């Protein structure tokens, strides 16, 4: 009989998560695996309870999209007790979780932060001052993307100064409002921008255009590789973005789970490719969504 | 006749009545103005960029979207409807539909349909609250959840992008240096003020909030008036959502999140009673300006985003407590 | 209205619960099982514990929007102090943090006379900031994962520690509300605070204690959640308040005060838990779940209205006194 | 009298509200075992004085002595501990609890924190029976009529076995029958040595029950006298500071065509097959015992409550009335009995209160209310009815009851109605204002208006009305002409000793 895999996704109505979910489901159908899909709707507590639901339903495997590096560990431990293999999709968890999961597939948000730091350093020639427009405070992705960026700057001994980090909750309007204030406050001191995603980068671009019409934007680096970010790179409003494909993300997770269900050993870390897109390669890379 | 009039004159000594403490009345009315001036003064001293035209235009632009919602929310609070928690859903409705329908029917009809559908949500809210008599918090909470769910189902959770750049250019244009979106907001605020303070509908709104059964017994169509406040708010939120969509040229189901609380905060800080029967658009606007300026100063001073919530919370409690303390001393 | 219909309306919460369960059993394969029951109870118990506090508060005619933030703060305190105090005392401190939050809310509403909707909207923001401030916006890990696993152990094939605690508490609440003088006084205060005050009941004290009680229970729920996940997080509970208010209101407690029942709340909590569990078993998307729970909320409140308007009539016949 | 010991001595009491000096330098001495009446016009300060005594307000100046010792009361509970109980003018009950729970509110009998429901219900039933009130102690209080609630309020104070009991206009919504039962109880309590303070605008009752009378005027104490040494006329003179001749003047008017015709209306619950008609220039009285259903009939005609059967015609044309707005359009106006609850918008000004039903008429085509016209309208009525203070811009909540009532009546006159229904228009209104209101009604009918006046006060009904309909248990008698009608006949009809039901011709 068909195996059932329990998929605890971040949300089912979200620009990135939705295509990832669709890809995962489609691939599962091809592989003959049944998916029980549960959406946390971005609430960690719901998610921890849903892992319990998966255990109670005696799923054959669990794919978890963690929204917190810690909170799922006890639930995952119980999954292990119940002999249900679990893997993580999209976001990593703390090291203690490694005992209870078979693998983590997906982009490395910390790595993305590092790549962003490299790309921005390159654009700014290693000096100047940046503002960081971060996602939700306390959110795992935010923590990884900001942490990787800051750590990498330190690592390479960069002279780039971080003027300010603001939280704009992955929201374009909030980023727009926050950027207006940042531009007023720092003005021409801003010689670079790092946004935790392309949506918020868009917010900064709009604020910049409002404040200094005609003046070129400072180099801006975003993450996700959205279609409109590609347009911005073409027009020179953005310097780069990092493509992380939700489709790859979803596919890789279910394929890995399929291998586990077949009794194969899998690697503890299976990254999806991250591509830094600048003007140089914008025409050759596919946007993520 | 003359006989009755004569009796009345002698019945009471008019000197026993005076108008209450004028001083306290003045503080209550001028308090917020003073607070706004204080913020401006502090901001100017603390940060050189604060007192610049550019910054004020920023503040004005940032407050426009929520400001339009505030105009509607004032009606809800004044009519005694406590709060409209379906605002995030109606904003999403406005933002998503005004973009999603653009390719099919053009930008202007798309905007109109979006606002109308948002208004329809308000109508259901209004019927539930005004005619069925359900607690507004529950009714709007329930409706908000339902509408947001439907909107999400409709767009399948993906971001909707704009396809008509001219509509974006329109909302981003300026009139005499004032951003279009702020012009629209100010026009709506003036209209709202006219309706609430000058027209019979506004008076009915205040009367219904002040004493529902007495208003009803005075031939005020109380159910319609109560329902109307929610329709007005939904239209305002839908309109504001539409503008938001055009500005951003993209919309997701959660664009409206948090606007309901921001709007209530502004109205309440403005001294509009959540119990109804008292309040005006200028008061709500003063509350909005104060909150926005304060947030602006905090951002300019580099206060961390989560900590801004702390200040905002203290501010709401403080403003309302002060207002209550003043009113206890007998001001209108 | 025929007697049979009005009886159905009277026990509408139970009716809806039974209908939900029946429908779920028919439609969802494998729904009717002890595991599902245990699961549903455990899922309901977090909301349920907070709902107990909110039932009391709503009967007193007040509301607390800050419970979600208190939930986070208490959990954080309960985890953060573990290295210093040990698990037990840290947990106690977490609960006390909830109590302290209730004191703040009570003070704002009772002493400063701020409308509770506004006051707790303010403290919702403040406590959430405190949670971010304490943790620097990062989730913090606890000491002992094994304890977390013990906490979700299932006893007698049905109960977890949490769901047991919830069930016992809600039954205690039922007795307290219906059989004790203090319980009746609570209804009096919620129905007409001025009259209660004029009758020598200290309405202020009762309201104050209701806030403290509600926050303390939010604290208990928060600490339990943090222990169960071995994490204190500043974002915990942000989606909780609405669900809890919905559960309490579905249970027939009304927001205007003076009316409500513990068993109703139990029914509300179980209905929502059953609904969620059933829909999740079917992989119904979250937004459709939202639509369903929103509809149930509105449907029940509309029914509640019908019952109340229908009930006015027997008064006309004072003869049988 | 068994005891003459001092129960209460209030000295030099003053109370200032923002904008109003409600009391200044009032002295009041009450002895155990006596009934002490306090009389005075609306707004004289009676209720304020009693609220100070019950701990609800703190006095601005003055001291209070209870049974010879000076006391300080910060909250109602303090006064209750001293054995002081108050029956408030505004009902002070909890709608969501049962009658029995209300009676024992604040002092439920308990064992280990649990209360004894059975015992409580039995005792409540006994007390209600003693008061002659047919009320089920297990009923939800909110489902009772105002008058029944008033009885519960009295039962509640009585059940507390107080040493000093204050009754602030307890009979304003009681029938004569219930009033008589109450007086029996009061005499019994007095004979048991309880001090009773009794506030009423019904001077006949005061003379009937009181041992001593204190007169207040404009917040000051005028005089305390033995009730045996004073007449109603003297009391009125002391209260208003002048002579008021005819308490119930009947203005002559010519009765014209039929304006309102009500045929067989009922709501399926509280009233059935009610028929009557009112003609231009006529005052039709609607009376009966408490809970007879008069208010419900009036509310239904005005569109505030649904009708299930019957027709209402205005000027010979049937009208459908689904809401007060529709009623107003049809030319019906209604002044409700519960002034605080249904009458005024306390936070709005007198002007805004008066103009409410005619706002649309005062508005231009953009809906903007023309301020000048509105001021003028309000000013006209403030002057015409001598509303005090004569300031349309004052918040109506700050006015005394009588003046509020005049404003509410003005509101409806502004709509130029054909029929005016007044529900207990003079309840809780002092003699002076009462005469003024009667004068106003007289003028209106003289100008051809048709008036329906609901009242429980038989002298008022007899004095003012042209014809009278008596209601009993939701059913109405045929309209009876004023000539040859006696109070005894009305009582017989109201209590069911005589039957005069049926469709009036």
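To keep things simple, chains are lettered A, B, C and D as they appear, and every chain counts its residues starting from 1.
Operating definition for what follows: contacts are C-beta pairs under 8 Å (C-beta built on N, C-alpha and C of every residue); 3 or more make two chains touch, one makes a residue touch a chain.
Since the structure is predicted, the reported quantities are computational estimates derived from the model, not experimental observations.
J.: So which chain is the furthest away from subunit C, centre to centre on CA atoms?
T.: The chain lying farthest from subunit C is D.
J.: Have a look at A-B versus B-C and report the one with more C-beta pairs in contact.
T.: Answer to which pair has more contacts is B-C.
J.: Subunit A to subunit D: how many Å between their CA centres?
T.: 71
J.: How many Å are there between the centre of subunit B and the centre of subunit C, using C-alpha atoms for each centre?
T.: Averaging C-alpha atoms per chain gives centres 30 Å apart.
J.: Mind checking the centre-to-centre distance between subunit A and subunit C? Centres are C-alpha means, answer in whole Å.
T.: Whole-Å distance between the two chain centres: 34.
J.: Return the residues of subunit A touching two or more other chains; collapse runs of consecutive numbers into ranges.
T.: 11-13, 137, in rising order.
J.: Which subunit B residues sit where two or more other chains touch them?
T.: 152, 157, 253, 306
J.: Chain pairs that touch, all of them, please.
T.: Pairs satisfying the touch definition: A-B, A-C, B-C, B-D, C-D.
J.: Flag every residue of subunit D that touches subunit C in the complex, lowest number first.
T.: 54, 56, 75-77, 80-81, 86, 88, 92-97, 101, 105-108, 110, 113-115, 125, 128, 134-137, 139-140, 143-145, 148, 156, 269-270, 291, 474
J.: Note which residues of subunit A are touching subunit B in the complex, please.
T.: By the definition above, subunit A touches subunit B via 11-15, 17-19, 137, 164, 166-167, 171-173, 176-178, 180-182, 184-185, 187, 199, 202-203, 206, 209-211, 226-228, 289.
J.: Which of the residues in subunit B end up touching subunit D in this complex?
T.: Going by the criterion above, the answer is residues 1, 3-5, 7-14, 16-21, 194-195, 198-201, 203-204, 206-207, 210-211, 213-221, 277-278, 329-330, 332.
J.: Which of the residues in subunit C end up touching subunit D in this complex?
T.: Interface residues on the subunit C side: 179-182, 184-185, 187-188, 190-192, 194-202, 258-259, 311-316, 318-321.
J.: Of all residues in subunit C, which touch subunit B in the complex?
T.: Going by the criterion above, the answer is residues 63, 108, 112-115, 117-119, 121-126, 128-130, 132-133, 137, 234, 242, 245-246, 249, 254-256, 285, 287-291, 293-295, 297-298, 301-302, 305.
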